[in-house]
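Each of the two complexes below includes chain A, the first together with chain B, the second together with chain C.
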Partner chain A sequence: MDLALTDIVFYVFAATTLASGMLVISARNPVHSVLWLILAFFSAAGLFVLLGAEFLAMLLVVVYVGAVAVLFLFVVMMLDINFTELRQGMMQHMPLGVLIGLILLIELATLAFTWNFGDDVAKNAASPGPIDASVTNTEALGVLLYTDYIFIFQTAGLILLVAMIGAIVLTHRERPGVRRQNIGKQVRRRPEDAFELVDVETGEGVTLPTKKG
Partner chain B sequence: MVDAFFQWLPTTWLGQLLGLEPTPTLYFFSIVLMILAVVLPLLIAVAFTVYFDRKIWAAVQLRRGPNVVGPFGLLQSFADGLKLFLKETIIPAGANKVIFLMAPMITFTLALISWAVIPFDEGMAIADLNVGILYILAISSLGVYGIIMSGWASNSRYAFLGALRSAAQMVSYEVSIGFVLVCVLISAGSLNLSDIVDRQAGGAIYWNIWPFFPIFVIFFISALAETNRPPFDLPEAEAELVAGYQVEYSSMAFALFFLGEYANILLMSAVMAILFFGGWHAPLPFLEFIPGFIWLFIKIAFGFWLFAMVKAFVPRYRYDQLMRLGWKVFLPLSLFFVVFYSAIFVYGGFLPTNG
Partner chain C sequence: MNGEIPALLPALPEIILAIGAMILLMVGVFRGNESFNQVTNLSVLLLVICAVVMVTEVGGERQVTFNNMFVTDAFAVFAKVLVYIGSAVALLISGKFLTEHKIDKFEFPILVLFATLGMLIMVSANNLMSVYVGLELQSLSLYVLAAMNRGRLRSTEAGLKYFVLGALSSGMLLYGISLIYGFSGTTEFDVLATSLSGEGTPDIGIIIGLVFLLSGLAFKVSAVPFHMWTPDVYEGSPTPVTAFFAAAPKVAAMALLVRAMINGFPGLIDEWQQIIIFISIASMLVGAFVALVQTNIKRLMAYSSIGHVGYALVGLAAGTQAGIEALLIYLAIYLTMTLGAFAAILSMRRSDGMVETIDDLAGLSETNLPMAVAISIFMFSLAGIPLLAGFFGKWFIFLAAVEAGLVPLAIIGFLSSVVACYYYLRIIKVMFFDEPADAFEGGHGRSVSIVIGTAAVLNSPVSFLLISSLAGAAAWAANSLLFQ
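Up next is the complex of A and B:
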């Protein structure tokens, strides 16, 4: 019973992932596409939970669904696209797209059938090491990432940082004449700097002092 | 909680009367019963929360607040709910119908499912996940979809602007909430909410609020922004955006948004109680005989009181100020505190040994 239930849940999640993956590319409206993509991420997270990798599942939801897809959705919603115009060239480009897809498929198939695994891979896969139930997978991942793979892990982080800084540098531009709020300046401003009281003689008027910055 | 109930139910007179066996079907029903046992009190609590919110707000402004329906106006929320229930659901002609109707459901459901991991007492959580706190972070990061979908599907400028504001705001403040959580996690050595509460056992002096007071302040303000509460309620700023993303909604669709919003506020208060105020533990050890869920309830009520007082006191932020606070003040500050607390824990030898 237990096994059957897990199987059913697996097939539900797997089918949802595949179906929404298909709908991502076939949906007419780009916003719908992104929403299907989110559903695909979400069901993939469900598959991770079934595998017992709850940390990865949560990270998938937090990072991909909660941040990346939100920004995606954000951009797609604000783009002003003429959908019918976009679809007109579709049939023209179809043969090229199919050709590229076919070449990729053949390449992947060639790779998959000629791949040689190491000698110990089959042995390890047949008898995997014992799983220590007392260690949660968060801890196990942490221990692995911060000891054996620390340099790779940190390098990956640095690459992302460089990419981020690069994107900022490329798109950042100084616009002259933009008025920004300077909170420190606002707080420092005293009544004495802002106005002064002047006794005005009748019929004489005042000459205004020049503005101090 | 589910397992204990599953074991216990067949041994009661009711279980014996019905001849219940511990079968998978019964397990399924005990899960459903436990969910109802959390969700029904929660919805009633939400109704009274709305009432107390209005009462506190009124008291600060020297008004009476709701005082007509029922004794002291206690039934006001139920009357409002009935009114919304009896109204017509209007779907704008230009709206994307499916997404328009899905958005409030998503908001409401997400506000409820986070409660699955909240431990109400020792071992009293529907799902005592190993990654409980990440689960809450994940679900609260999903919460933005209800809002952004409603804004887009409404096909209205006001709603869209409100949704965009909300999306940017929630994504920004999630970052600092994440860093605050990291600080607390380092002290507990676990992502499990029950473990975090257990680390604070033994009275109020052991609560996280004392060593972590600066990040508590950051967490509280970020929680205000995360739940779109004043002074950060720009997504629904009535003066400029009418009511933001909710502008096209009526009847039960609006009610679901409203309930979801308050359930989220209660959830944030509960998370605050668990992370910083010792969860189900009593402030003084000899008061432990009072059941834990009552203490948690008191702490959630206190957290909500803070939320309500801020609403009454503080004027609304401007949007650029909000973004400045999130990215230029809270992000560096919380990042600094992660490094600071980690350094103290590592070099002071306070690292928890269980993790």
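Up next is the complex of A and C:
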């Protein structure tokens, strides 16, 4: 009973993933494509949960749905890309695409059938870290990342830093004459600098200072 | 999964470099682009400090740390010294050019520092994962450096081309790594070596993975057939960046290739040897023949570097200790030749800016004899004419190949270096026997002159005095790699 339920859930998620994947490339409206893509990500996250990899599922939702898909939406909506034009050559290139797909399939099949779980493979693969059933895999991954893989983790951080520096170097432009917010100046500003109390004589009005505040 | 803090001493120079680079980044951020010269000089100082710390504190003994992901030994020390020299010299000769072209951003030295850090990690990688992160840290910095002169179309084109093709090659590398992991259950070099040392033919998956891994690495050393990006990127990038590209990253990628093959796949030598021999022959031939028709000196140097990578790979193809030793000697000599030649290219300036065609060198012997002599020394040395340093490099390489029984490879290498002589000698002919063109302006900066002078002296017959100590150091380094 329990098993059957998992099976049903699996097939629902798997079918949704495949169907929305197909719709991503066949939808006429690119915005709809991105929305289908988000659905595909969500269903794939569901599949991960079924596998017991809840951390990956969360990552998929946070990173892919939260960041990547939104970025795609921005690109689709902000840039003026003529998608019908892009799609024109599709039928023409179809045979080539099918051929490449077929080759990839054959390669994968070759690998799948020759792959054997030899003694060394089993022993080597088991060594990275014993899995304690009592901790969640988010915690287990965190413990591994900050101990055994601290070197890779830190270097990955440096790569991100370089990416940030690179993005600034390649796109930042100094614009002269832009009025920037100077928080220090704003905070230093006192009422005395801004206000002036004037006794207005009846019938004479006020002459405003010409300087703009 | 233990809570102990890993030993930090083996990676001390890298840690100093990483922290120093971030501090200099902060200096640059707060002081703006006026601090360019200051940050550049401090970066050079930082590189020198790291090199000294590495030699005095870490030493040549084999040590592993960070869960066996990072290794340091005599081989690493030798390669890292070359990387430090390459990066520091590239920084020294860049200041004037960048200031003149108004691209004197303080991020330039910072990116060079991070690229250097990536190279150090590559050289010290003892695990396919550290190979990948080191390679990406280096490559990402290099992509940005190539596009540094973003106002110029050629530079942005170079950056984009390098980025797209580099990303493709990283993909191939990762695919190879994942296959190797899938079929062996590990990414650690030492474990791979023991797992794959068994008798009989290895799994087809391992071999496919190895081919992909080699393709990715061949791209990084710009070996044929993965060399297409090199001429365009070298030509389009700002010249000091090209000088940097041609020196340190080549050494690091080559050291990485050697360590991955010798330490990671010693049992599969028959498999990778064939691939290396093919890549080596193709690189030597393309480097010799395609360079014949080049008119731009930076493009010429690009093809020249492809050829030199081919010669260096002969040493790896031999697969013996003598071969690795010859490769290290070759890399050291290549570094001096390349840095000298690029410093000379940086001094090719007229009143209307930099020039970079071979015809601009016409009659240089009459307008500036010392420069003409220095460039001649570099060209003779690059061609491998006896009495100069380049000759020793090729001599050790071919000797190792013949000893390892790869006589055809040595013969092809010799013949292609004869062909390559033509275009190196053509530059000398243009300088000494053609009608003088307009003289070059001075004012390329004192550091450029010093680099040209030092490199010329090192490549001149003075190299006779130094070659035995260089060979001794290379032997010490190669020994640590093969017989741990």
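Rule of thumb we're sticking to: the second predicted complex is superposed on the first by the 138 of 213 C-alpha atoms of A that agree within 3 Å, B and C clash if a C-alpha of one lies under 4 Å from a C-alpha of the other, contacts with A are read in each partner's own complex, and residues count from 1 in each chain.
In this section, contacts are C-beta pairs under 8 Å (C-beta built on N, C-alpha and C of every residue); 3 or more make two chains touch, one makes a residue touch a chain.
What you are looking at is a predicted structure, and each value in this text was computed from that prediction instead of being measured.
In the superposed model, A:168 makes contact with chain C only, not with chain B. Judged by the touch definition given at the top, the superposed model places A:62 against chain B, while chain C stays out of reach. Contact with chain B, but none with chain C, is seen for A:138 once the two complexes are overlaid on the shared chain.
By the touch criterion stated above, A:190 is placed in contact with neither chain B nor chain C. Within the superposed three-chain arrangement, the count of touched residues of chain A is higher for C, of the candidates chain B and chain C. By the document's definition of touching, of the two partners only chain B reaches A:70; chain C does not. Put simply, chain A touches chain B in their complex at residues 1-2, 5, 31, 35, 38, 54-55, 58-59, 61-62, 65-67, 70-71, 73-74, 77-78, 136-139, 181.
Those residues of chain C whose C-beta lies close enough to touch chain A in the complex are 1-3, 6, 11, 18, 22, 25, 66-67, 69-70, 105, 107, 110-111, 114, 117, 121, 129-130, 133-134, 136-137, 140-141, 143-144, 147-148, 150, 159, 179, 182-186, 191, 195, 203-205, 208. Interface of chain B with chain A (complex): residues 24, 99, 129-131, 134-135, 137-139, 141-142, 144-145, 148-149, 152, 160, 164, 167-168, 171, 174, 178, 191, 320-321, 324, 355.
Within the complex, the chain A residues that touch chain C are 110-111, 114-116, 120-127, 129-130, 143-144, 147-152, 155-156, 158-159, 161-163, 165-166, 168-170.
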